Every structure is written in structure tokens, then in C-alpha cells.
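A, B, C and D label the chains in the order they appear, each numbered from 1.
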Amino acid sequence: MLGSSFGTIFTITTWGESHGKGVGVVVDGCPAGLSLQEETIQAFLDRRKPGKSRYSTKRTERDRVQILSGVFEGHTTGTPLSMLVFNTDQRSKDYSEIARCYRPGHADYSFDVKYGFHDYRGGGRSSGRETIGRVAAGAVASQLLKALGIKLYAYTRSIGPISIRSFSQDEIGNNSLYMPDAEAAKEAQQWLESCMQQNNSSGGLIECIVHGMIPGVGDPIFDKLDANLAKAIMSIGAVKGVEIGDGFAAAYSTGADNNDAFTLDEQGRITKLTNHAGGILGGISDGSDIILRAAFKPTPSISSPQKTVTCSGEPTEIIIHGRHDPVVVPRAVVVVEAMTAITLADALLCGMGSRLDNVKKVWHYD
Amino acid sequence: MLGSSFGTIFTITTWGESHGKGVGVVVDGCPAGLSLQEETIQAFLDRRKPGKSRYSTKRTERDRVQILSGVFEGHTTGTPLSMLVFNTDQRSKDYSEIARCYRPGHADYSFDVKYGFHDYRGGGRSSGRETIGRVAAGAVASQLLKALGIKLYAYTRSIGPISIRSFSQDEIGNNSLYMPDAEAAKEAQQWLESCMQQNNSSGGLIECIVHGMIPGVGDPIFDKLDANLAKAIMSIGAVKGVEIGDGFAAAYSTGADNNDAFTLDEQGRITKLTNHAGGILGGISDGSDIILRAAFKPTPSISSPQKTVTCSGEPTEIIIHGRHDPVVVPRAVVVVEAMTAITLADALLCGMGSRLDNVKKVWHYD
Amino acid sequence: MLGSSFGTIFTITTWGESHGKGVGVVVDGCPAGLSLQEETIQAFLDRRKPGKSRYSTKRTERDRVQILSGVFEGHTTGTPLSMLVFNTDQRSKDYSEIARCYRPGHADYSFDVKYGFHDYRGGGRSSGRETIGRVAAGAVASQLLKALGIKLYAYTRSIGPISIRSFSQDEIGNNSLYMPDAEAAKEAQQWLESCMQQNNSSGGLIECIVHGMIPGVGDPIFDKLDANLAKAIMSIGAVKGVEIGDGFAAAYSTGADNNDAFTLDEQGRITKLTNHAGGILGGISDGSDIILRAAFKPTPSISSPQKTVTCSGEPTEIIIHGRHDPVVVPRAVVVVEAMTAITLADALLCGMGSRLDNVKKVWHYD
Amino acid sequence: MLGSSFGTIFTITTWGESHGKGVGVVVDGCPAGLSLQEETIQAFLDRRKPGKSRYSTKRTERDRVQILSGVFEGHTTGTPLSMLVFNTDQRSKDYSEIARCYRPGHADYSFDVKYGFHDYRGGGRSSGRETIGRVAAGAVASQLLKALGIKLYAYTRSIGPISIRSFSQDEIGNNSLYMPDAEAAKEAQQWLESCMQQNNSSGGLIECIVHGMIPGVGDPIFDKLDANLAKAIMSIGAVKGVEIGDGFAAAYSTGADNNDAFTLDEQGRITKLTNHAGGILGGISDGSDIILRAAFKPTPSISSPQKTVTCSGEPTEIIIHGRHDPVVVPRAVVVVEAMTAITLADALLCGMGSRLDNVKKVWHYD
């Protein structure tokens, strides 16, 4: 399937434009019997809501999710979950300029070439609202992982030049930038202030950690766990790079430094002394924490004048008005977490039949 | 499909282990009428051959490819291409140590957990020989791209601490490290010498450029062109990071610096003044060069002693004997190029029906 | 993707239970630029509505469709179409008996084994309401086929022992059984009366004709056009058999009788003197009408007492109360048409790249 | 994936033409730890070999299979199985006539329209030799089913007007027509003699029974077990119809007659008093025997003169020389069995995660 679907067994299909009637997602392949409430989904969605801080757009979106199918008496039924959020703030008046010409750094031009057409109402399908479906589906995936003892959390690692220097998991939810370092968060806020004063915007880094990962998950060759994670993360708008474990730093390392020695933990189980690999060896989880990072480019919508061309091919200048985040990173933290959870849920379900003994365990009831 | 297949219309399925009877690939969905000779495939395969320099393993592999199906009178027929390389050097004697314990940095342990089993004969399915199928398929994809005016080339950007400082496309084939900078290549060779003397190995970076890319290719949301490229590249063994255009640097940039202004070229066609985006906007090609980079970790097989555990869970030490490249990067250059070509070929075929006028052009013969 | 999705490029994903909040479908991969109105979809849905005759259930369903995304200014945008019908009549009181035991001929038991669970509210996901999503998607597919000059129509060929003996396309819409033979329709109505009087139900046959089919569509081997049609049609609840062209009769024929001789039509184009093949040779359309037939079993919900077991495994008897069609065939006519249209739309889009000259035509704009 | 692949987890990809270098199949997704020998595969292939009776073509094919990968020390490793049969009898001289014009009942014309090309050497990809890959893969699938206690067998139910009137499973292998009724087999042989004397050919029916089927396998909606079986069977060349259980007869039945009452067997397990449904309810197996039938058209290659047109569009006459079976049914028996086994194996693996308790059983090792 193309474009709007992801996954092989645990599959999600998102739909909706920023200025249409709503956005949503269909999740198919979720096992029956998983406890699931609308509130769990809503809690995830609230984390990507704008308006939580002055660094995110002022559009008043309610983003109230409805589960339309697939849940009966508080548990999943095994049939598709359809989740829907109606768009409530659809003012189109700010977007006349966008109809006229191509915004630099946006998908207007490439959509136009592909479809002979671009939906100028705030980005259409390539708007940030598209991530609502991902996050709702990610909430379901996270519930499934939780039921298997797997926990994951993402956070902002850097905004512009400001990187975290300390790590406190509790701090992540304390600041509106989702940084695990209160001091760095303050500096990053000052940096964003200065960006806004200069009608400019900033990029940043998000990191995601998966704790309690089961070893033996993922497929060799093309469906390596890290390959599918890379696709999942790179498919988030504005992501320009993905790395696992030491990532790009590994290119500058040596085998003696980069290899993780195997050892035994207190319970006598096999583990690793270090985790340069980020929890994946040969495309298959090794039981250590999975660690990944995503690089986000700066918000392309800036209100200083920019050179561009009109849709009919005339050179022109554009000044983008309207309300725009100076950085997408804080709102994208939950999106990275969601896509990671979805990828792992699918890999866990796809890998159940890798060994004949497991196949017998499920189907041969004796 | 799991594991061993890649693509939606232009699909490849690889098979084979390093010490089985052979390795190969089935390419399905290649359009009929493409000129294709065994020599074209062989030329690609020769670029990944070991033994071209003293920095690659000494195993004497002939790697002579046979096209078993799908070509008739020098052209593709539209039916699957089956390509096969028999393994000729299958000495197993070096691998007794590997049968006993898990090599750090290798997939032995994770395979064992997944399958209840690991093929200790030189890595089995996770061996570098698995890339033979990818490269053969990439040769076919490159032919298809060439027929559409698209050219691509990859090269070594850095090895360990040595990065290129100048760029000459002609130089790439002149040195055994495939670097476009002769001086850097010399320094990198010295660096590799010192690694080998210390029984150590090195990582490195590969860059790939796609020139003449058609705009409007790729799908929004999950099958973004960059998302599928990220998966394709991250699925190559030893890759730990992928980036497009400015990649991770974009995380430290600002909107004013990172946005690429649209302009018109001499022929009045829309183009960009800069290319920070690396040729992809919103997941769809914009007609500029596609630029991507892959970070490769150091070869995990090093001959200094390493801590590990045996397959039965006893702490032990391993010294890996045998012939191993101190760096995988030079041999992986053609693999990165192949995976890029395969991804683009598939995206081009998948996107033919994005506009009704194109659908009519193909099917409505009037 | 499993279960709820169908297609490779033109893909549909349905969701919803008979007694949940609603049912719907997401259609992805529809080309941009196709004229599409809610009324066109609604007209298709109205053909499957109950209450059009006394032989269909009396539940008063409004089944008013909403297009939530993918259409802008009256044309498809190339992004997913989300279509939704809210359930308005969700009285659960009739279904207490179903919660207690397994209805013969229904999916209660097999769902229970699979999911550890069955949604006893009127069939849940295996209810006839699930076809609403198929029909809405089929309306879109039919629009696409129409734009390419392809027309299709389905009708009731027989109900119980009553088969059509004459054929008038205009008559199909004139009687509530969608039979192209007014006299047979009257007899079939009498047959259904007698079934109802005996608390019994009836099976029947639906035939579908595709006119103006483009030759060269479909893939050899597993994605033969007839193979995908067989799956599409057999996936409709209550279908127990599918045939193409002469179908089962071909098993009793000889080569001399069954082969269709090629000839030229008045315009000098290649055509066939007969059409025993039903428009498909080797899995690929040959330009003749595609002809297929589906066998529907009798409605399993009958109000005479039937032996069964309870969910806890006690022998018991069940009498199914409530409103049930004595035959599903008339309401399923549009479902067969829809699934045929969806399969053909997908095959047309998948096959655009089968020849290099067509690939060049679309991507090489000179 | 298009055309040459089938399945979601247990996936097969076939390749090869009748007159190329060979034919083969790659099986991916087979669980590790399954005992597998070349002899097991060969035994299946021998059942489709020509030359076993005077009713099958005289081409002396050796069809010796080689397993090139995926097996280590007599067991599957979880990595792809590549199986290959070289073509040994590639005389092309008989096929000059086919290069000139389109054979009635063959895929020559439709291939030519699709690919701009047809491989005139004995049918190319649409030859009966394409089924070798299916049968080899089916042998693997059958091994997997056997390990789960599931057995299946297919046989000839009718040839031309001669149907079986009695059933003895032992008899199936005793006659070259694979009929479970020795007397009917004799009559069918006489019928085939008369067909050959008249340069004519015959159709026939194959039936397949799956015994010991596990209930709860298959997905509702589009991936119904019967829908996937219908696709699998209809994808075999020459099949024009598929039915499950009572099939087309159900269209003429009533609910009271067609419903299968649930009851308890001696062990107190739920079973059905009758099996009109053929072991599948709502797309999910119910534990009864799965029963399906396939209708095969007569061999289109007959040596009496037939009207047709040349490839350049001139009316002409063709007489097909060479060696051709007067009926494909006996050789196709093992193909029907193979496709059924492949479909079931995939459904079993896909369905392992339908319930959270099963997911926990496999992944939560406590």
C-alpha cells in the first residue's frame, strides 16, 4: 500500500487535511483483548497540542478524539480501530498568499508537480495536523508494548545550539520544550525568543529510548528493525536525519571502541557491557535499550521576506503571515515516540512465527 | 512481505548465505523493453568484489553472475529477473570459534534469540555476501533510471578521521577507497594501515548524489521518498545513520539559512537557489540533486582479544582470526548506490498514476 | 496488510461494526483530478439500502455518507478519501440470544476462537453493514473506470430455483430484486414469499459484466486479474463460489468448443469470435467483456428453531428473532459491482509501468 | 508486490520461463527449525512431472530440484529458501508457428498487449512449467502444516463428463489420473483417448480436502481464508472457477438445508453436524475439513486447425503441433494442493497475534 499506510500486521492508515473536515487513522491488526480507553489516546494527543507554550502556534484546536470502532466493553476486539478528530478551526483567510506562490522549504511545489495541484489551505495533507493520526495510533501501540513490559519515552535533546548537559527523566514533562535538563530548557527558551524577534526559526534534535525491549525482534535484510525505525522516523515531516545508537559518531570510531562486549547480568542473562549499537545487532533487537535520534530542520514558515516563484512561474517575494511555531521539535516529541511504538508493535507481531516452537505454542493446544 | 523483499512495484527478493551454495536475487516489476546484458550486472558486482586492494578481504571470490530468466534477445520481458552467483570459496575451517561464542558487534546473539539458532559459518545470512543480490538488482534499477535520464553515483566521503577536502568525480574510480579526493585517499590508506597494525578497524561515511532527478516522485506521509531511502540505506549491514541534504546540520540551522529559495533557471524552469533540502520537499522530489549520506560503523571483526559469552552462557574471550576488511566502506559504496537506485526505480513506477491525465495517457490510446 | 485492506496502489481500508458508532472506508491511491461528489457515492450506497422492498430488513438506516478528506473543489486531490456513515439505528435488545450461543451459519463461533471474543451485537464486524465501506469505495473506483471508458453493471441472475431466461439491461433497476427479466423477478418474489412463510431463506447468483475493458490489464502468475477478482468477490460475506467466463461449465467442455478464435472487428482491431474466457487470458484482460458470477448462500438467520451449542459448550436450541432478509442477493448486487470496480481500478494503476515506453511517456516530458 | 509473489508472512516468489535457463522459487518467512530435505520437495515435484502417463506431454524433463539456501543441517534456518530446477529440454524448433500468430485460448495476445512483446518459446512465463516453483513451495508449506497436525490432499473429481461416483483415498495414487474411483478413472481414460483421436482436449474438476484444520485461522473482511484460497487457486493457469464447501449448489439451497448445526463431539469439543460451509465461517476456519473445488478449462493447445490472427493483425489459421496434454487436470492436482498449503501456512503465521494472550505467550517468557 502506498503513501498513507504503514506496517505489515499492526498497520495504520492516516487520512485528512489541515483544513478539511477532520483527520484520523485506522489501526488494523491490533490484538484482541487489549484494554483501551479514549482517555489514553487523548492523553497522547494532548502532548502534541499547540497552545501549551508561547513557542507553539496559537490556533485553538480542541483535537478531541473519538474511537468509532474496534473497542467493546473497554477492550480491543481485534477489528480495526477507527479514530477521528474533527477540525474545528478552519479559517482559510490567512492562506491567500500561499495560493499564489510556492513557499520555500514547504511541499507546495513538489505536491503541485506530483498531483497537478496543491491544497493551499495551510499545507493540506503535508500539514502538521497529519501527525494526529500517527499519535493516536502510537497511543494504541504504546498500550500494547506496555502489556509486554516495554516502555519508551522521547524528549528534546537540543534546540538550535542548546543541547542538554544533564538528564532527568522527571524533568521532561516539567518544561514546555520537553527537555530533560531544566537549565538547558531555559536557555533554549531564550534562543527561541531571539529567533522570533528576528522573524526566524530553529531546528533541533529529538531522542527516543526504548526500555525493557525484548531481544530477537526485527528481521534481517530489508526489514531490519533499525531500517523500519529509520523509515518511520524519516517519514515525519521536517526530519532530515536518523541515527541509531552512536549513529554518525560510529563513522569516526574504531572497532575496538565501538564493539559492545557481551557479558552476564546478575540474573545470569546475556547482556552487553556498553551499548554503542543502540540495542540492535544485524537488524534484530539484542535486549539492550533501543536508542535513536532524529534531526528536525527549522520551521520553514518564517515571516521575513523570501524569494520564490509564483505557481505560474514568475519570480516574486513572499512574506508568510499567520501563526507558526518557531520550532517544531517540542510538539514532535510525541510523534517520534508514536512512530517508534508503532514500528516495534508491528515487528513484535510479525516476528511471532520465526521459530517453529513458537508456532506450535500458539496453534497446537497441547 | 517480510525480511528479504523490498519495494512495491519494482520489487527485489534476495536469498543466500555466505557459506551455502550461492546467493541471488529475484527482481520483479521491471518494465519490459529495457536493454539488459549480463556484463552490465557484472560490472556493478565487480565494484563490490574483495581483493581489489589490500584493505579488503583476501577471499578469492569469482562472483560470476548468471541471469536465469526475464531477459529475451537482450531486453527485459516484464517477467521476473532471477540472478544467481554461486559461492566458490566455502572454506569453513576458520569459523570453529564462532560456533562456540557470540562475536561482539555481530548478529550472532540476536539471530540465535530470534531463530533459536545461528549459522556460524561466516555470518550466514548477515554476511556481507548478502549484498550481492542488492547490487545485481541495483544494476537493473540503474539501467532503468538511465533510460529516464537519471544518473547517480556514490563515493567515500570519510574514513575514520579523514574526510575529503576536494571533489573530483573522475578521481572516484582512481583509488581503491573510491574517494573523490586523491590526497585524502592517501591519508585514509595510512590511517587504515595503522588500524591494521593495531588489530583494529575503522568506520566511515558514504555519500550518494542523484543527478537529473525528475520532480514529483515520492509519496507524502509514510512512503516519503526520503523515508524509503532511509529504510533502504539503513537496511545495509553496519549502517548506523542516514541523512538527506543538510541532515543533522539542519538541526543546528535556522529557517532563514535552511530554506531554499525558488527561482527560474535559464530555460525558465522552476529550480532552487540552494539545496539544503537535498532534493526532497514533503517527501516528494523537487528536481534538484538528491543528496544522502550513510554512516558505517567500524568492521566488528577485529583480531585483538574481546570479552564475550559462549552460546551456553559462560563468560569467555574471543580472538577473531581469518581475513577481514579493516573498513567496509569502500566495498559498500556500490551497495549504497544500488539501494538508492532501487528505491528511486520503485518510486517512479509507483507514482505513474498520481494524476488522472497520466492514467489516461497510458491507458486511453486516443 | 491484513484483514481490512485491499489493493496495491488503489487501496481501500474499511472499518466499523454493525452496532458501533459508524462504518467507513479510507481510499488511498486514487489519482488526483477525478471529479467526485458526495451524491455519486450516495447513489451507490442507496442501492444497498435495506427497506427498498419487503424482502429486505426493516431497520431504518439512513446511511448518509460524508466525505471527510481527499476532495477539494469537486475533484480528488490524490490524498486519501475518508468516507463515513454514522450508525443511527443501534437497538441492541434483539441480540440477547446471540450473546448466549453460536448461530449456525454465522461467524460467531469462528470469531470467538480467533479473538477469544465475539461481538454479539448483530454480527459486529461480520455484519452486512461492513459492505458500506466497500460500496463507497466502489463508487470512487467506478468513477475512475468511467473516466477511462469502462462501464460495469451487476444484476441478479437467479434466486433459489428461479433463473433469468431473458435479458434487458433497462429492467434491472425496475424491480426490487435487480433482475434483468421482469417475469423471472415476479416468480422469484413468489419464491421468497414461500420461503418467508416457512421461516426459511434462499441463496442466489449474481453476475457482473465489464464493458469497454482495456486489454493488457492484470499480471501473470499470482496477481492474475481473475485471481484478484476471485479474492475480491469471495471476500464478500456469504459468497461460496466464483467463476469467470464459462466457469465451471468449462470443466465439462472441450478445447475445440471452449477456445475463442481471434478475429478482427470492423475497425481492424483484434477481438474474439466468442468469449468463453470471460475477457481474461493468462490473467490479463483481452479486451472482451469481463464476465463473472458469484454464488451466494442462503441468509443464515432464519426464525425456525435450530440446534446449536452455547458459548460455554452446552447443547441448546436457538430461534433467531429480529428482522432479516430472506435473501442477501438483491442488496449484494452493488457490492459485487463495487468489488469488481475496485479490483480493476487497482489493476489499471498497477499495470501502468509494464512497458518502458509507457514509463517514458509519463516521466520523460519531451 | 506484484505478479510473481504471494503471501504476507509465508511468502513465495516464483521466476522462470519454459524455455529459459530454469525455473525456481524463493520462500521467505518459513519458521526456523522445520525438518526439510530435498527429497521431500522432489517427491512433490515428481507428482507434477509429465511423462507419467500417455495423457501428459512427452517432453523428457528431469526437474531435479536443488535447495540453494535456507537449510542448515537438515532444518530450516528462518532465512529464505531458494529452490531451483534447471530446464534441460529446451528445443525451440516446434514453436516457430507461435511466433507468427496468437494461439486461441492462450495468453499470447494479452501478454503482447501488456508487455509489447510475447515470448513465443512455448508460452514463456505463462507455461505450465511456472507451476514448478509453486509446487516446491507447497512442499515446504505442507511440511509446516504436517508439524501442526494438518493434512491435505487433492484429487481429480471429474474429467470431461466423467465424475467420480465412489471415494477411496488409497486409490488416488493408483491411477495416472489421480482419481479416487478406479472405475471412473478407466472411463476417463477412454474419454481422453477419444479426445486425442479427434485432436481435441478436455476440462475437469479438482477437489482438495484439508483435514485436522485448526479453528480460528483466517481474517475477516478482505483476507478471509476462503478469499485467499480463491485467489490462490484462481491464479493457477486454466482455472476458471473456485468454490468452497457446497459452493454454487448453495445458491440453489435454503437456509434450513444449508446451515450447519453446532454440536459437541465425543471429547466435548464444538463441531458441526454437517459441513455445507466447507470448514470456513465468516472467513475464519471453524475446525471442520476445508473443502474446495477448482474448475479447469480444456487444454487450449489442440492440433485441429483454428482461426486466429497474426501478430501483425492479419486473419490466418493455426495448427498447433508439438506434444500437449489432452487435459491438464492430473498434473494440476499437486498444484492445487500446493497453493492450498501455501495459503494455509501464511494464514496460520499471520494469525498468531490475533489475541493478546498469544502475543504474551510468545514474547513474555514468564
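Brief remarks follow.
Following the convention adopted for this analysis, a residue touches a chain if its C-beta (ideal position, glycine included) is under 8 Å from a C-beta of that chain, and two chains touch if they have at least 3 such contacts.
All of these numbers come straight from a predicted model, not from anything done at the bench.
Shared contacts of chain A and chain D, meaning chains that touch the two of them, come down to B, C. Most remote chain with respect to chain C, judged by CA-atom centres, is B.
Of the two interfaces, C-D and B-C, the higher number of touching C-beta pairs belongs to C-D.
Rounded to whole angstrom, the centroid-to-centroid distance between chain A and chain C, based on C-alpha atoms, equals 37 Å. One inter-chain figure worth recording: chain C and chain D are separated by 26 Å, centre to centre, where each centre is the mean of the chain's CA atoms. A straight line joining the Cα centres of chain B and chain C is 44 Å long.
Shown for chain B are the residues in touch with two or more other chains, namely 1-5, 8-9, 14, 29, 32-33, 78-79, 114-116, 125, 217, 220, 350, 354-355, 357. Residues of chain C that touch chain A in their complex: 1-5, 7-9, 11, 13-17, 20-24, 26, 28-29, 32-33, 66-70, 72, 75, 77-82, 84, 114-117, 119, 124-125. Those residues of chain A whose C-beta lies close enough to touch chain D in the complex are 8-9, 29, 31-34, 78-79, 144, 147-149, 214, 220, 348-350, 352-364. Of all the residues in chain A, the ones that touch chain B in their complex are 2-6, 8, 14, 102, 104-107, 109-111, 113-116, 125-126, 130, 158, 160-161, 195, 198, 200-205, 215-224, 226-235, 237, 240-264, 268, 270, 273, 276-278, 280-287, 295-302, 304, 306-309, 313, 315, 350-351, 354-355, 357.
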